[in-house]
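One chain, chain A, links the two complexes that follow: it is found with chain B in the first and with chain C in the second.
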Partner chain A sequence: MGGLSLGRLAFLALVVAIFAFVIAPLLTIVWVSFFSEKILAFPPTGYTISWYARASEIADFANGFLMSVKVGLCATVASLAIGVPAALAIERFPFPGRETIRQVLLSPMYVPAIVAGAAVYIYFIELEILTTFQLAATFSGLVIAHTLVALPWTLRLVCASLVSANTVSEEAARSLGANALQTFLYVTLPIIRPGMIAAAMFSFIASFSDLEKSLFLVGPGKTTLPIAILNYLEWSLDPTIAAVATVQILIIGTALIVSDRFVKLGKVF
Partner chain B sequence: MAGVTLSNIRKTYGALAAVDDVSIEIRDGELLALLGPSGCGKTTTLRMIAGFVAPTSGTVKFGERDVTRVPVHKRNVGMVFQGYALFPHLTVAKNVEFGLRVRGWDKAKIAARVTEMLRWVQMEALAERSPRALSGGQQQRVALARAMANHPEVLLLDEPFSALDAKLRTQMRTEIRELQRQAGITSVFVTHDQEEAMAIADRIGVMNQGRLEQLGSAEDLYKRPVSRFVAGFIGKCNFIEGRVTGPGRFEAANGSVLQFTGAHAGGPAALCFRPEHAVLTQSGAAGNSIAVTVKSVTYLGPVTEYDLVSDAGDKLVVSASSSGDAAVPRAGDKLALGWRLEDAFVVD
Partner chain C sequence: MREGRNWGGSALVLPALVLVAAFLLAPLALILRYSFDKYDPVKLMLGVFSPGNYMLAVADPFYQNVLSTTAYIATLSTVIVMLLAFPVAYYISRVESQRLRGWLIILTMLPLLLGNAVRSAAWMIVMGTKGVANSVMLGVGLIEEPIKILYTPTAVVIALVSVLLPFAIITLQSVMDSIPTSLEEAGQSLGHSPLRTVFGVVLPLAMPGVVAAAAISFALAMNAYATPVLIGGPTIKMMGPAVYDQIAKANNWPFGSTLACILMLATLLLTVLSTRFLSRKYF
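Showing the complex of A and B:
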């Protein structure tokens, strides 16, 4: 074994550089959240954890956080309720038009979120004019929009796990006397469970971090955390925002690591 | 236990007939092999017996019971899948008990039966293992125990040995055959490997393009194939092209007249014999020999193979045991190739 060749060294340097480019902003935010001055200055004169305490005292952040968690959980449940049966139908029954349905359900991923958010808003308003039923600026309206954000992730991940769990296991169950329901409960479901857990995690992350789709849909006193952050940033730039962002990074990072234990995420995309 | 009767079953996909008018009576306790190249309809036939595929027409009977419209899970078949299809999320014991649990057996009976089945296939020691931690042969034994746990009426095996390496394949097929015989269960297995079919099946059904070409014992198929396809698929075969011009009279393409036993309708046909049934001599008798030129000689240890071409242009192969002292023919030699009258047969 000789030393590293020049080409290999250059490649390693490139990998490190890309990794640093991705991770540096995140680390900077975490670092800044402990700076002691109110006005961001470099290098910091000292460190403190008081910004975390301050962040939790600001009602907009605390409420926004709770709102984001609630909306995220509801959207996750809704996207599983729609996405799992849809994935099953698409992967297990060869009906005409299933590719179209797949693409329609995945489309929220491709449409710019701000455009989709505006469209959902306009749709809600039109619906309200027609039926006097209010969805814009309500919790349900927000959950519906976030379900759209989450659904493509659920569909992707559950479809991927259905493809890798080939139908022969299901046939084996049928040949052993299991009816359709038993086959689903005892064979299909356990095999796709890791995919469903990953789907739930991703759905939650997608909803939790969504800003653009929610912008038009939140009502007074009912903002989500990303919108609370945006509102705060308009008036002040101090480490409180970094503290809030750090908490958000922690939550999302944990969810990603947990998902990866169930489904090797690299295999899905 | 019961036999299985397939009556005129057909399965069409659009204009294509995957299985075309197949009738087979599988005897009680028999091991029948469905043999053929890929796409011949053997797997579709097996899947119609299992109930995964509904025949377009025709009937499937287990004993006296017509199961044509009975769904898979109510047929009581045991099936061993290609690649075994063990449930990856369940242990060996849980795999075996699956069929009993979904059928609502009580706990004590299940435990006793699972133990019995695992002992039968010698897998008791590995009952708590995950299928992923098993070798191919062990997985196959578990698959068999799982398929047989509920006392099925019919055992179906879909290319059961294809995932194993050559040595293990030979060992497992003997083992499976022994277990099948002990259980006395009517069994159908699908394979594309003629040696495998001949080694363990009581009877073989040769399929081609959706049709059952011939059904019989390995010896029947080898000695008395009814079609050119069967003759060529089961073992090696030589074909001399020509026509049948009268009772027992065959005329080769170059006009030389040969004899054959048995009846065959007049018209274009081929006279066939096996490579080991022919001998090369200096001169041959009229009626059961032809003039050939040796193209190449291949020494294969116990036998030597000679590639020949007849005066009429047919490419032929003959194999002879490699005995030391006889004058060995060499490439370029012009000789006669003869055979015993009863070893030759005619096909379309």
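Showing the complex of A and C:
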């Protein structure tokens, strides 16, 4: 692309500025979490790490965090358990209508979260009236909704690794007499393992950060971290909430960098 | 792996399919039905079938205002997002170092994955009356006294743009990746300036990606919940919060379902539009 002309410098500056626009607010919130004064003022009078301790003492945040981790883990396991077989069927058994099926399974990503959340909430209530089985404002209800949040990520990443892995070694295993299950366990699974790890990471992240689908489904004592943050923000904005946000940024940032070790995100996207 | 086997293998999609059918498609069908029902303060729903809610949604001045605010904010955000996403996507798709490319993708994805609660909190700190933006502008003497940024439509647009940018960048960049650089080199060797090459060669070829990215951005902006609630405040009414208010607060399921179905329909149209233009993968 040649040397550094003036035009090229301007272009680079523009790109940097746009990244800064997206990233700067996040750096600001990390910075604010260390401010010593409760009332926000810039620049701060001093720094402290005590807000992190404060945040962990607030029951909504501590319980919300635990709830989000538990729901995230269950949703991740569930979405892998149903998503990996589905990906395998779509990529390895070319049955008629599989493109339609793929779109249906990816649809949770396209249906607006607020619409899906509202619909699932009404559906849960009606189901409860019919069967007396409660799902709204329960742990199981949240896990079901979050499994749907996670499923498209699992499907996409596992499908991507199935597509990029060639089928030669699978065919070789089959022709040497391995049955379908053996072929999957000893040949396919090791090949797609990095994709599965990335799928697990993204599924967890998608569940952990979800706000809109959980909005209708949380209940007293059954609140996820993003909802706890939302509720707190409606009343106050202080370093405590910045500390909570920073913890979430750290967790998700780490998960993203770990996934990149297994599946080069630069190649997937 | 021939005929008979395929059917056995295809059974593997069943659990996922059942889950999506039972907990997404069935609920959507249910609210579609309820959107034609009528609200009653005592019985909640009358079990009738009439298009009354849809008439109300387009005829009532309050909801006309909600619809037009939503359309205005979504349009403005989408236009700005496209202007910003194009250069970034172009840069990422043409960067030579794979390492740098990987980091740029992570940097793009991180805000997307953080979720709306954290992102809104960050913007509230930046845009508040005593926030960073005001402090900086006061400090350098750009303004005399703090200006109101938070709780204005401008603030919602700014925050939404940052929400939508990652989606637009990833979508555009995946299309630009498939445009061979040789075409640009050809343009340059003919003596065209880099800028003219981008507008003459890259933009026309990336058009499907531009349409898809714009459709996705518009759909996401229109459906936003946390951003209008936290950054817009109570005076700026958009569709997402209106759905929540009707269903969770007012218990008016029929009308809430109608608003949700209007959003769903608009999103569906945009998705069909974008997938017609974009056959490729991720977003």
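As a working rule, the second predicted complex is superposed on the first by the 265 of 269 C-alpha atoms of A that agree within 3 Å, B and C clash if a C-alpha of one lies under 4 Å from a C-alpha of the other, contacts with A are read in each partner's own complex, and residues count from 1 in each chain.
Convention: a contact is a pair of C-beta atoms (placed from the backbone, for glycine too) under 8 Å apart; a residue touches a chain by one contact, two chains touch by 3 or more.
Remember, predicted model here, so these are calculated numbers, not experimental data.
In the superposed model, A:A137 lies in contact with neither chain B nor chain C. By the document's definition of touching, of the two partners only chain B reaches A:V168; chain C does not. Of the two partner chains placed by the overlay, neither chain B nor chain C lies in contact with A:I58. In the superposed three-chain model, the partner touching more residues of chain A is C, compared with the other of chain B and chain C. By the document's definition of touching, neither partner reaches A:V69: not chain B, not chain C. Shared-chain residue A:P190: touches chain B; no touch with chain C.
By the touch criterion defined above, A:L256 lies against chain C but remains apart from chain B after alignment on the C-alpha atoms of chain A.
Legend: residue contacts after superposition of the two complexes on their common chain; A:G177 is shown touching chain B, with no touch to chain C.
Note: residues 174 of chain A belong to the chain B contact set and to the chain C contact set alike, using the contact criterion stated above.
Listing the residues of chain A that touch chain B in their complex gives 168-169, 171-179, 182, 186-187, 190-191.
Considering their complex, residues 1, 7-8, 11-12, 14-15, 18-19, 21-26, 28-29, 32, 39-43, 81-83, 85-86, 88-90, 92-95, 98, 101, 104-105, 107-108, 110-116, 118-123, 126, 144-145, 147-148, 151, 155-156, 160, 174, 180, 202, 205-206, 208-212, 215-216, 225-227, 229-230, 233-234, 237, 241-242, 245, 248-249, 252-253, 256-257, 260, 264-266, 268-269 of chain A touch chain C. Those residues of chain B lying in contact with chain A across their complex are 50, 52, 71-74, 76-79, 81-83, 85-89, 98-99, 102-103, 146-147, 150, 156. Those residues of chain C whose C-beta lies close enough to touch chain A in the complex are 1, 5-13, 15-17, 19-21, 23-28, 30-31, 34, 84, 87-88, 91, 94, 98, 101-102, 104-111, 113-126, 128, 130-132, 135-136, 162, 165-166, 170, 173-174, 193-195, 219, 222-223, 225-226, 229-230, 240, 243-244, 247-248, 253, 256-257, 260-261, 263-264, 267, 271, 281-282.
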